[in-house]
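Two complexes are shown next, each including subunit A; its partner changes from subunit B in the first to subunit C in the second.
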Partner chain A sequence: MSTSNKVVKMRRTLLGYLPLESPMHKFHPLIKTFFLLIVSAYPLLIDPPEWNLIGALVMIIIFVIASVPLRILKYYTAIMLNIFWIIFIAYTFFGGYMPGYHIITKIGPIIISWENIMIVFVIYLRMFFAILVIIFFLSVARERDVVVGVRALKLPYVIAYIVGLAFRSIGLSIIDFNTIREAEKARALDIKALPLAQKIKKFGMYIVPLVALALRRTDEVSNALESRGFKFTGLRGYKRTDYIVSKYKFQAKDYVAVTVMIGILALILYLKYFTPYMSLHNSILLKILSRFFGVKT
Partner chain B sequence: MSNEPIIKITNLWWKYEGKKNWALKNINLEIYPGEFIAIVGPNESGKTTLAMSMNGLIPNNYRGFMKGDVIVAGMNTKKYSTGDISKKVGFVFSDPESQFLTMTVEEEIAFGLENLGLPVEEIEKRIKWAMKITGLSEEFLEKPPYELSGGQKQRVAIAAVIAMKPEVLILDEPTSMLDPIGKTEVLNVLKELKRSYNATIIVIEHRLEDIAPLADRMILIYNGEILKDAPPKEFFDDIDFLLKHYVFPPEAMVYIDKLRKFGIYEGSIPLTFDESVKVVRESIRGITK
Partner chain C sequence: MATPQLTPQEIWTIKEDEIRKPTSAHIAVFALLIGVGAVAGTFGSIAIPLGYGVTGFWPGVAVQAVGGIWFGMWGVLAGALFPFISNSLAGAPLYVSVAYFPSNFIQGFLPAWVFRAFKVDPRLRTGRDWVHFIWSAVVVNNFLGALWAVTALQWFGLITVASVPLFFSGWVIGNGVPALVFGAILLKALSPVVIRHRVFCKGWWA
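This part shows the complex of A and B:
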């Protein structure tokens, strides 16, 4: 049996690590921000669930092409299933009834209608696609990409800086949270052993030291900012250099990527507003499901 | 060294808002370009307050009552903001974690340089220079600073400040939160700065054995007052005075002081361990002859 000694160099991202050889590193950071903004709009505009399902499948192919480990999706399976059950229960049992709805069955006062089940599929597959887009973005983007993306959009620096500082604050809050938990453990408090109600109460109690530490950090960060010549009101007399953004150049592949993303968006808008293809009445998946439930629409 | 002080503090008094006692009392101090100053003293003696008054954080960013003047590189801290003073005075805080403002080492070092509005090429050059002087290799550039070891973090913090090439560099207890390896790394950087960086360096430090050989002058601050301001040899001449004010010289110095008191040795207190060994060896030879 042979074993491979190949070391895969990774780069840290918002959600984990991405191999250095991933093609995503070759794109301008702004492309990743655009990806999130543009592609996450697709499911919001698409009604037929099969289109969103195709979108989700395409996303999984993109995961593979981008060398994002698919096991990352495993961690979110439970969340996705929970979302499905919440939507399913909320709409199927408590979705309400309107005259003209196709009744499938009645459980006491609860009417289960085809229209509500249809909404479950429409909403869930829309969310499924959108969640995959977000997971992909978080798996390939670094904090730096987001900051560079915002700065490349030529927004005022203070906005870019607040975005960066927000990431920094999350990191610091996690460190503080872990410190508090370690301190509790050191004094023999094992939160894992507590019942749920006690756990919730304990988490509430974390807020006081976390806020106190955050306030102290605010003071320290503010001092560090001032000591390094930063002014929220803008610099006097000269322009702030954008060194980090200058390290990235928009290349042909970046233009192609933006064009493809905007092109697909335009196509979806066209199909939705100028053709019947995006109508729920023409949804093949819904037709199959309606036959399954014995509903004539 | 120039005859004109780069920092001139005249009759400085400072009291934090809501506090009863003055944190600084009638401080008069002149620091000259190129000097390496070590400020020592027990906790709560006013060392950090004094340091913050030299880069404008006091009075600009803290509430309190101030009397007297602090003139740094020709700028009165009452009239200029900390941001303006930062072009001349760099400040490294004791907690390396809390002073990071960005998500990668490269951004961290570039941050101050971007604020100065320097051209991209100059920023690139200065990043390389600052990394070299602090002993950081280029592989650190893409790393998040908060994922580094304590010593590396503090070196990044120093690199981020010296890249701005301030005329005065203030380091507030740069080794206090580090493990022994981290402390050694930072002290090596201080040695390198003393050797190759042509600026005034002011260090607040508890590790006297490491800082004394580097310092041109040592200042003892106690209860908000400057009690002693002298070159290291003279500073350590009265060990009892230092101990009385909770400044603990290295054991080797205390030992040599005892030899002096017993009349075995008559010279000045050596500043380094090697010098101490030499003194002890010679003293033993003197006894056995």
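This part shows the complex of A and C:
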């Protein structure tokens, strides 16, 4: 009997792993940064919840096209639910009341109005879309992409170095963190058995050794730089060799991607400020919901 | 031979023949502090999230306050920048993190300025040191940070006036408690070492 186990090669990203055959690897690294900067603005500009819902659905399609494992969204399920409850409680029960609001019900002194429930939907779907954008970026971008992006924008080398070292130090801090935890386990500390408040307190205490280790690492890094005669400004009269940047070229598809992203941003701005389509009064989803709650708006 | 004890005056005063310039060590500590802060900040943001990166318990603020006190503007800037990473990993939209920049800056800047201006001992040895630490690194900095943060959230249309107290108190308490507990522990435990280290900044940059 033969078994064919297909090995999927992956590349490490800021949040997890992305298959090597993902189309995202074919784009210039700067495109991922542009995506974050431009597409993150969409949900903040859009008011009608159905548009943000469509944006969120499009993002999930992009997740699939980009071969991003959808299980990554599982990590954020608790956060998204938590945000929903916070928004729901904050607005429904503590959203305030103004004359002219449509009252749905009263619970003691608390007035639950249609206007506050409407805001819950508007804001939650805006957040939902925005969170998917940031998760997508973290799922497809690598430390190298961010550094290459900084270099491609011709920013000073010292900035690229700091960005690279900062991202590297996150990984190192996580390794240090795990080492500290293992050391505690070796001393018979059962972290799982601790109540939540103790776990949180315990984590806070890890900051002390993490900072101490970072200080020690500062010495190692700066000694290594100085012993090699390294200068952030480079040598006078010599151009610094930018090996990583030379590996990437801006191609036609990169220009198309940037044009599409800017085009959609311009369209949203036009619809928002020069047409009534982006107003909450014209929202189809809110009209359906208001009927559901028996409110005539 | 025992190392002579430094007085608070000696800790912060630059001597006549003392040359202090930013070095590669400062660049390294700046980058490494971003990494440590990002890890500490991400955990807090995930542990008790109130939404939009506001959390009921944020140990990252201890790194902000202490970073500014020890490493001057390097620590203040690191403290203002690492929340971009920690908030993003915790699911806060990019422009919300951008809006928090002044809040995070002031939370590191105020204690850094107070300790330098009033020559406060970072080892927290006297009641005066504790008083300055509590008002600048626990109360006022987080109060100002929360004030700006809720204003920004309201400007983005993410919270209403009525829900301001929830987010404001969440920010002040969620930052104040870890700043007091972990900030004090960090200063007491590591300041004696840090003030003799080459990356310690008597001024703002060196």
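Operating definition for what follows: the second predicted complex is superposed on the first by the 282 of 297 C-alpha atoms of A that agree within 3 Å, B and C clash if a C-alpha of one lies under 4 Å from a C-alpha of the other, contacts with A are read in each partner's own complex, and residues count from 1 in each chain.
Simple rule for what comes next: contacts are C-beta pairs under 8 Å (C-beta built on N, C-alpha and C of every residue); 3 or more make two chains touch, one makes a residue touch a chain.
Since we're looking at a predicted model, the values are computed, not measured.
Is A:Phe94 contacted by the first partner subunit B, the second partner subunit C, both or neither?
In the superposed model, A:Phe94 contacts subunit C only, not subunit B.
Answer with first, second, both or neither: which of subunit B and subunit C does A:Leu165 touch in the superposed model?
Once the two structures are laid over each other on A, A:Leu165 reaches both partners.
Does the superposition put A:Arg11 against subunit B (first), subunit C (second), both, or neither?
first
Between subunit B (first) and subunit C (second), which does A:Ile268 come into contact with in this model arrangement: first, second, both, or neither?
A:Ile268 contacts neither subunit B nor subunit C.
Quick check for you: in the superposed arrangement, does A:Arg228 touch first (subunit B), second (subunit C), both or neither?
first
I want to verify the contact counts: of subunit B and subunit C, which reaches more residues of subunit A?
Larger number of subunit A residues touched: C.
Is A:Arg144 in contact with subunit B, with subunit C, with both, or with neither (first, second, both, neither)?
first
Applying the touch criterion given at the start, work out whether A:Ile175 contacts subunit B, subunit C, both or neither, answering first, second, both or neither.
first
Let me test your reading of the model: by the given contact rule, A:Arg217 touches which partner, first (subunit B), second (subunit C), both or neither?
After superposition on chain A, A:Arg217 lies in contact with both partners, subunit B and subunit C.
Between subunit B and subunit C, which residues of subunit A are contacted by each of them?
The overlap between the subunit B and subunit C interfaces on subunit A comprises residues 165, 167-168, 171-172, 217, 221-222, 225-226, 230.
In the complex, go through subunit C and note every residue touching subunit A.
Residues 23-25, 27-36, 38-40, 43, 46-52, 57, 59, 62-63, 66, 81-82, 85, 88-96, 156-163, 165-167, 178, 181-182, 185-186, 189-190, 193-194, 197, 199.
In the complex, go through subunit A and note every residue touching subunit B.
Contact set of subunit A toward subunit B: 11-12, 142-144, 147, 164-165, 167-168, 171-172, 175, 217, 220-231, 235, 238-244, 246.
Which part of subunit B faces subunit A closely enough to touch in the complex?
55-57, 60-61, 81-83, 86-87, 90-91, 93, 95, 97-104, 106-107, 110-120, 123-124, 142, 144, 146-147, 160-161, 164
Mind listing the subunit A positions that touch subunit C in their complex?
Contacts found on subunit A: 14-15, 36-37, 40-41, 43-44, 76, 79-80, 82-83, 86-87, 90-91, 94-96, 119, 123, 126-127, 130-131, 133-135, 137-138, 158, 161-162, 165-174, 177, 200-201, 203-208, 210-212, 214-215, 217-219, 221-222, 225-226, 230, 232.
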